[in-house]
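Letters A, B and C mark the chains in the order given here, with residues in each chain numbered from 1 onward.
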Amino acid sequence: MNDEIKMQQIHRRKRLYEAIFFGLFRIMGFMVVLILGFILCFITMKGIGVMSWEFITASPTDGLTKGGIFPAIVGTMCLIAGSMIFAFPIGVLSGIYTTEYAKTGKWVKFIRLMTNNLSGVPSIVFGLFGMSLFVNTLGFGDSILAGSLTLGLLVLPVVIRTTEEAILSIDDSFRHGSLALGATKLQTINRVVLPMAFPNIITGLILSIGRVSGETAPILFTVAAYFLPQLPTSIFDQVMALPYHLYVIATSGTNIEASRGIAYGTALVLIIIVLTLNLAANVIRNYIQKKIK
Amino acid sequence: MKKLRKLYERLTEGTLFLCGNITGIAILLIVLFLFREGIGFFGRNSVEEGYVLALNRKNPVNKLSSREIKDIFDAEITNWEEVDGLDREIVLFRLNDITNYVTEEELGEEFEHIPECIAKIIHDHPDMIAFFPKAYLTENFSEKVLQVERIGLLEFFGGDEWMPTATPSAQFGILSLIMGTLWVSFGAILIALPLGIGVAIYLAEVANKRFRNFLKPVIELLAGIPSVVYGFFGLVVLVPFVQKTFNLPIGETGLSGSIILAIMALPTIITIAEDAMRTTPLAMKEASLALGATRWQTVYKVVLPYSSSGIMAAAILGIGRAIGETMAVLMVTGNAAIIPHSLLEPLRTIPATIAAELGEAPKHSTHYQALFLLGVILFIITLIINISVEFVKRKRV
Amino acid sequence: MINVENINFYYGKFHALQNISMGMEANTITALIGPSGCGKSTFLRLFNRMNDLIPDTTLTGTVSIGGVDIYQKNVLVDDLRKRVGMVFQKPNPFPKSIFENVAYGMRVNGMNNKKIIAEKVEQALKHAALWDEVKDKLKKSAFAISGGQQQRLCIARALAVEPDILLMDEPASALDPISTSKIEELMFQLKEDYTIVIVTHNMQQAARVSDHTAYFYMGELIEYGETKKIFTNPDKKSTQNYVTGRFG
């Protein structure tokens, strides 16, 4: 009888621990939601006031305390386009190579290790590298070209990895079906593998655009201009960029207090871009999952 | 026709091979260029380019380190004895002191006599150390031009003063930057790791499908927010908050940096730790539950030990993320290059230093090279981190 | 001992068990047979509520053990599972030492007297006829012994918490014939102290070890009775076809 009571106590304690810890983890989970919610709400509330058609279509004026952020938006668009032109094809081809051609062996392991390493390199190191190679050695100067190449290198691992995942998720039976009909390996990749992997690869593209649009450190010394009201005319021009613009007006503008409004607005624009892109990626992903089912 | 197709296939495969190795090539190039820009640093001394330091001929001192020069000019060393010279007061001379010694007429109408004047002043003052542009060195300068010790590894890694633009002798000790980076990163991981593992357990073992489907995109979004936005948010919200809470003179402190970095490292930690926990075989969890263990007992007696290497990897990558983060840290930590004693002081990290100073450092100057060396250090740290993660992951229970 | 009444079980919309009622007596071995996917494993997992872990399932009807409805709200699952032990299809020892594997159940149930634990570990290993083979390597990893030994270790692990009922889900399907016969021998001995329910694919095994046999097909209980009768003179044609190997 005594044992029975003791057992009950032990069981009660067991369940109490479970309740405490799982409750704690639940709170932690909600905390993450809360953190994101707070950041989003805060920036939105403060930034929505300066949002206007003029804000996104006009140049900054009055020492960056008034006007809009149009040149920065255009600059960021240029950098997105430039970096994607470079990183997307190379990244996809690289993903095809590691998954379809060099499937096994030490060499692929080595390539994977390098890709992992590259994705772990801090963005500021990319900035240094871009400055040294593209700006100085190749003589591009501070330009869209130099900045795009630097950013392209930065997102290369993202593109490669999503491509690999997309291709690996395709069942071998499709390949065998094509090969059995006498198609060459290249034809199989072209006509069977790539079309099937395409939506997933696009998700990778969208995510890397999000990454490119927000990176600051790599463009500090390769392209970004403090203030440049005219729009770029060639790939050798400098441009303003949204993240750098936010950094400048938040920390070192001529009048930091007066430009706070603009800063909130710029932060909001950045967040909207990232939010939209993530949403798009999710929609595509869900669409694919539904299609598979 | 067949030949053409063969050629086409060959060409494509060649291109694929090249692209496949692009990341390896990139790593190689990064190493090459970072080293190329930075390696010249150790051959140089820290005296500002185009300037010289000169002593009286009779002064037995021939060589000084950059630290000694700085201390002399900061009047922290005031006697030659302290640098193995004679027991005499040091007399400092900078170019703008020149009118204390000679009249304007003596300098000549176009100041063309400055070199001679300087030579004469040094000659007249046996205990003087003079700092002036090289251009003013007379051709037959008969006094002694001071040799400055080259910057050595010990001075670079062990020096606690980072004053890259100080004159006459810049200081390139990165100890304070390394300490700053470590403090802020470990502060961040201290916050992020328990939180991240907790959330990962919740996602992997407790949450129902609906909450998981809700939380996953939230975490992705958290990872997607640009670091400059985090920095800005930290600047306008966190910094005043920290200042008020701890009643500090300024809120730009290591703690503000740690909190922001913790938020930024969270998605990495959660995702990797959760993936690791999901690899725990269902059979093992069932075995534990079938023996009467509660779900929590199953988590900490079976799931956590089984996924410990993955959780370790998550922690290491989280630290890596924190160490390399630039913009957010730059905006909220106050950037004071001093060795921090607590997280409530301003501090400065390696990436923030590069970002803040490279724009102003003249190309190929000692300062510029020092910043590239910082980049090399950062690169090596991340390389070590990535390789150790591979190592940890490979190790199975 | 075990009593099942009007059980219906669904995975989502799939009707996995249909209207099943049966009873099992204490200190007997009951074999559940039938082709794959017939629901016999699902049925077995009702008794220690292992199906609770699978999301989106529903159960109607009652399952009672020792007269208590185990799906009542106030029944504590971990308590139930302590009384109803389970051995799985594949040996699934924890990545711990042999000793710790057997001690696990006691530890999670709040036992921390080292001496008692050591005694009970020895007792359980002896009970599972494994003691002589592992007594010198209790500190070694459980993965260092053979598959058959691992499975007996899992049985010892289940016995160490002193359950009343032992559920076995194809315990010998991943093992070689010698290990299998050892486990069958073991079951005979265990019958004296435990009520055993075993799911098996292997007809001979069912015939050899069990007192009662239940034949499942497509989620329905086709026939249930004494093993001898089921294998020699079943009432239903379908049962006969299955036990004589004409299909399934």
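Basically, contacts are C-beta pairs under 8 Å (C-beta built on N, C-alpha and C of every residue); 3 or more make two chains touch, one makes a residue touch a chain.
For clarity, every value in this text was computed on a predicted model and none was experimentally measured.
Trainee: Just to be sure I understand: the centre of a chain is the mean of its C-alpha atoms, right? Then which chain's centre is nearest the mean of all of them?
Mentor: A
Trainee: Tell me the chain pair with the top count of C-beta pairs in contact.
Mentor: Summing C-beta contacts for every pairing gives the maximum at A-B.
Trainee: Where the centres are mean C-alpha positions, what is the separation of subunit B from subunit C, in Å?
Mentor: So the centroids are 60 Å from each other.
Trainee: From the mean C-alpha coordinate of subunit A to that of subunit C, what's the distance rounded to whole Å?
Mentor: Averaging C-alpha atoms per chain gives centres 51 Å apart.
Trainee: Per the centroid of Cα atoms for each chain, what is the distance between subunit A and subunit B, given in Å?
Mentor: Computed from C-alpha means, the inter-chain centre distance equals 24 Å.
Trainee: Mind pulling the residue numbers of subunit C that touch at least two other chains?
Mentor: Only 78-79, 108-109 qualify.
Trainee: Please list all residues of subunit B that touch 2 or more other chains.
Mentor: In subunit B, the residues touching two or more other chains are 294, 297.
Trainee: Would you give the residues of subunit A that are in contact with at least 2 other chains, written as numbers and ranges?
Mentor: 14-15
Trainee: Of all residues in subunit A, which touch subunit C in the complex?
Mentor: Touching subunit C from subunit A are residues 7, 10-11, 13-15.
Trainee: Please name which positions on subunit A make contact with subunit B in the complex.
Mentor: Interface residues on subunit A, with respect to subunit B: 14-15, 17-18, 21-22, 24-26, 28-29, 31-33, 35-36, 39, 42-43, 90-91, 93-94, 96-98, 101-102, 110-111, 113-118, 120-129, 131-133, 136-137, 153, 156-157, 160, 184, 186, 207, 210-211, 213-217, 220-221, 243-244, 246-247, 250-251, 260, 263, 267, 270-271, 274-275, 277-278, 282.
Trainee: Subunit A touches which residues of subunit C in the complex?
Mentor: 76, 78-79, 108-110
Trainee: For a test of understanding, state which residues of subunit C touch subunit B in their complex under the given definition.
Mentor: 48, 50, 53, 55, 78-79, 81-82, 85-86, 88, 90, 92-96, 104-105, 107-109, 154, 157-158, 161
Trainee: Under the definition above, what is the set of subunit B residues touching subunit C in their complex?
Mentor: 208-209, 281, 283-284, 286-294, 297, 301-302, 305-306, 397
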